[in-house]
């Protein structure tokens, strides 16, 4: 069976700086895959290219068998990708519910939207309590829930999560990873990008280590966790690890 | 007299808010201070009067003015603003919009002549007297039409999908894109709606003053900037509130203090004082329209 | 000859104004769409000192620079608190309020303006048209030298760092506040200088001479020529300063041409004709290097 | 790449245009091939914010020159109009004045512009000893520039005093409110009005000022209403004046409006104000009901040529050319002789009334016309000839 997401030789440039240099990877249905690496390694740029937020300077992005390279961003959503951006990026002045409805923007069927809304509220009862509040009034953890809930609204096949742990208290980080684990076990395919490699590799089945825009190591998460190269490559270079 | 001046102020404020709304819709999405929006105001009035003198139908006049301006907005966005926005800092689209405005005004003069053209629509309402307060026919029409348009815009922004898309895009373009919102269409929508609103305001003002002339957009072109900033750039509700504040201030100053400064300077003086106290404006930018 | 001298004076004043705005908007990246306010403050200060208190041109000139620079410093301090677009509109507001004050307050001549301003003189010699043209271009030359010096010195680097990334500049230890305010002080002081010369050249002034449209023209010169580039800004000042005379042959379409130039240059040369990384400049250098450069990826 | 090429094309066109025009000498440079042409300089705000008045002035200038030439010119010599657009910009007016004096070689000049540009240009003509007639700019400093500068419109003080006379004697005012534009025009008229009112014991309230471009007058009219006046003196231009009249009507205000020459335009004022203007009285210099042939001819010829009614601005400009022509015929065609000719003008019947002459500083002396709007047209209402009123102040 064809992979759900296939990235071939992806390159991303900002101006003259090339930050992703020929990355290839595949995410099969039901997988949970983590890309880890230090700050500035190019992790977020890969996800942004996958979502069509930056143009790919080279290579191809194929989602659900459709080549989306150079296609507008919204086609990734209709193609089955749900995105949780780095730093949560909830719409601050919109209410919690409107944020969620924005996530279902591509869903025309109102019944489906109501169904998704009910499901998100079931997963996150706190969001239902606060459905009329502007998102800016939520705590960091609640905003993260909202960002994930929003990504689930369109009923994605692939959930793409960027730095879920960033700026959150340890307890909340644990809850977030538990949630990702739960969603994955309920059958959702997940692509994670994380600086917190330990946590990510506990949840993920597969891991990719990115350095300077290139994948230098990949394999089963369980293997990677103990791999000397991984420990060396990752911790040796990242002084600011938390 | 106070009540009367409040009615006067709210009428002036309503006229301002119609123009300010168009500008703030565009700013909310594009972060462009679009002086040329005031050109759409004049364009609407000219197309309106052109259609009206041929058909004597106010409906057709409105459609012609609003439609023509909406198309212009779309063309400007596609041909000028979007390509410029990709490459440069905010002063570049500002200068381009000033250029567009100058071109528009001069075209109006060359095509329609420098003289004032009348817009002889007879408004059906008579003077209303409520106690000591007089509401003139045109005041009543302006108040009713703008109340109706505010309601329409509020529904559009808060109860429709495109309104949700506008708000999401105004607050965070990239995340809106990632949610599957076609932000290119939203930008086009903002320009179309923004220019349509300006044209509508232009037609209403032209009827109110029975006058269409090439430079009628001059004062709105910069005064609206002050109002839109007062209301927190890109915030439709704020723009309406700020319009009312400025309208009331102008009426009360004219009524009680006399003209110690030109009326336009009052709006800007209010703006400067406010920004010193609240650097973010009366309301925060890009807010929810409620 | 007189005609050329008058034209040279007018263009010289425009160039000086463009150079002065360039320090604020081009080099420090602070939008200022109300620059004519400072031009006016300089002109009015000079005119009032000369007509009411009998101060001669040279004395009035210095006070005019100081007063404009002082108001500029206040604006510079305000600019710290404001986001870019808010600052832009505040400067427009400043322009309108200044003009309104000149136009309304009796002390400033009110609606009638101020007339009878004496031309500059040295000893017994009163400046004619030609001498004023000489004066303004000497000033322009001095300003260019000063400006180049500033650009090369630490000041210029600091300003450009602020323009490119204010937070990073602050992190590098640049005192952003100080340099921003300094840019405002120098830029507005020079506008005041231009105003003083203008007042003594015209011999009468009224509030309308310093309106928003003048600010727009100055800004257009800077942006058209190329923000931050001294030759570019001078080119912008010369081209747009001469445009009303040069385009007389299409009398009825002059404004149309002016507006179109703004739109087209912004659309196709957004960094201005001679600005940093402008296509024209790239093209000029590109012509020289074309051979052997091979296919370039855009 | 396409866009780049297009951009380059546009820029090169611009450069070519610049070069081409730098070689040519612009609009004013015409060959003085036929020995017998006399060049008359002219400038007006033909584009820009006051293009309407500038166009009226330019249209009338063209008409005047055409008619003078058709009538045989000046003793056989034809007039040639050297026209410039000042865009209401004082700096351009200075350049234009330099061009007219040093390069175009004009014998005399008519300013069809507002006070600012006219005042800026005047010293240059004075210095070059080329006579200039300011067609309708009212600033009192203009004629005081020197003995080569003449003012064809009333001094604002005269017009204001005439208005006070009308208010007192014709409108039987008891209590006058003033709503005036805050510029040189408004201030000089209010000054004249108040002076005359004080002399004749007419009660005048403190003036209310508005500004150029204001559109909303309900607030200030509400105030005026509460202060209970029976006549409203309103030195205003057509755009603002028409809105004041409309609002007076809308609000049902019982007050007799008294306007000035600023409202004297059919296209810009009467059509906009519509029926509301009926009953309005203005002081002006154009009597459209005049029996004089020159007035009838001018109105007819202007309407035929341009398709709309002429206005005060146009009539004044037209007159300035005829005053020049008369001076040239009587006195000679060199600048000095033209100057003397203008200064010696006596009882010259112009469109804007019979010009009794110019005083020693160059201000016109002529009767003030009083018109009333009836059925959407300006009609004769009276004329003020009292020398005590129509003689302009010299200080």
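In order of appearance the chains are A, B, C and D, and numbering begins at 1 in each one.
As a working rule, a residue touches a chain if its C-beta (ideal position, glycine included) is under 8 Å from a C-beta of that chain, and two chains touch if they have at least 3 such contacts.
These numbers come from a predicted model, not from an experiment.
Drop chain B from the picture and the touching chains left over make up A | C, D.
With respect to chain D, maximal separation of chain centres occurs for A (centres as means of Cα atoms). Geometrically, the chain at the heart of the complex, using CA-atom means, is B. For the pair chain A and chain D, the distance between C-alpha centroids works out to 73 Å. Centre-to-centre, using mean CA coordinates, chain A is 50 Å away from chain C.
A straight line joining the Cα centres of chain B and chain C is 31 Å long.
Computed from the mean C-alpha positions, the centre of chain A lies at a distance of 41 Å from the centre of chain B. Shared interface positions of chain B, i.e. residues touching 2 or more other chains, are given as 83, 106, 259, 262, 264. In chain A, no residue reaches two or more other chains under the touch definition. Of all residues in chain D, those touching 2 or more other chains are 3, 47, 182, 211, listed in ascending order.
Here, these are the chain pairs in contact: A-B, B-C, B-D, C-D.
If you check the complex, the residues on chain C that touch chain B are 25, 29, 31, 33, 78, 81-86, 88-90, 92-94, 96-97, 99-101, 103-104, 212, 216, 219-220, 223-224, 227, 252-253, 255-256, 258-263, 266-267, 270-271. By the touch criterion given at the top, residues 161, 164-165, 167-168, 171-172, 174-184, 284, 286-288 of chain B touch chain A in their complex. Residues 3, 47, 49, 51-52, 54-55, 182, 206, 208-216, 218-220, 222-223, 226, 238-239, 242-243, 246-247, 250-252, 267-268, 271-274, 308 of chain D are the ones that touch chain B when the two sit in their complex.
On the chain C side of its complex with chain D, the touching residues are 1-3, 5-7, 10, 103-104, 110-113, 115, 129, 202-204, 206, 208-209, 239, 242, 244-249, 251-252, 254-255, 261, 264-265, 267-269, 273, 279-280, 283, 298.
Chain B contributes residues 31, 33, 79-80, 83-84, 87-96, 98-107, 110, 222, 225-226, 229, 233, 259-262, 264-265, 268-269, 271-272, 275-276, 279-281 to its touches with chain C in the complex.
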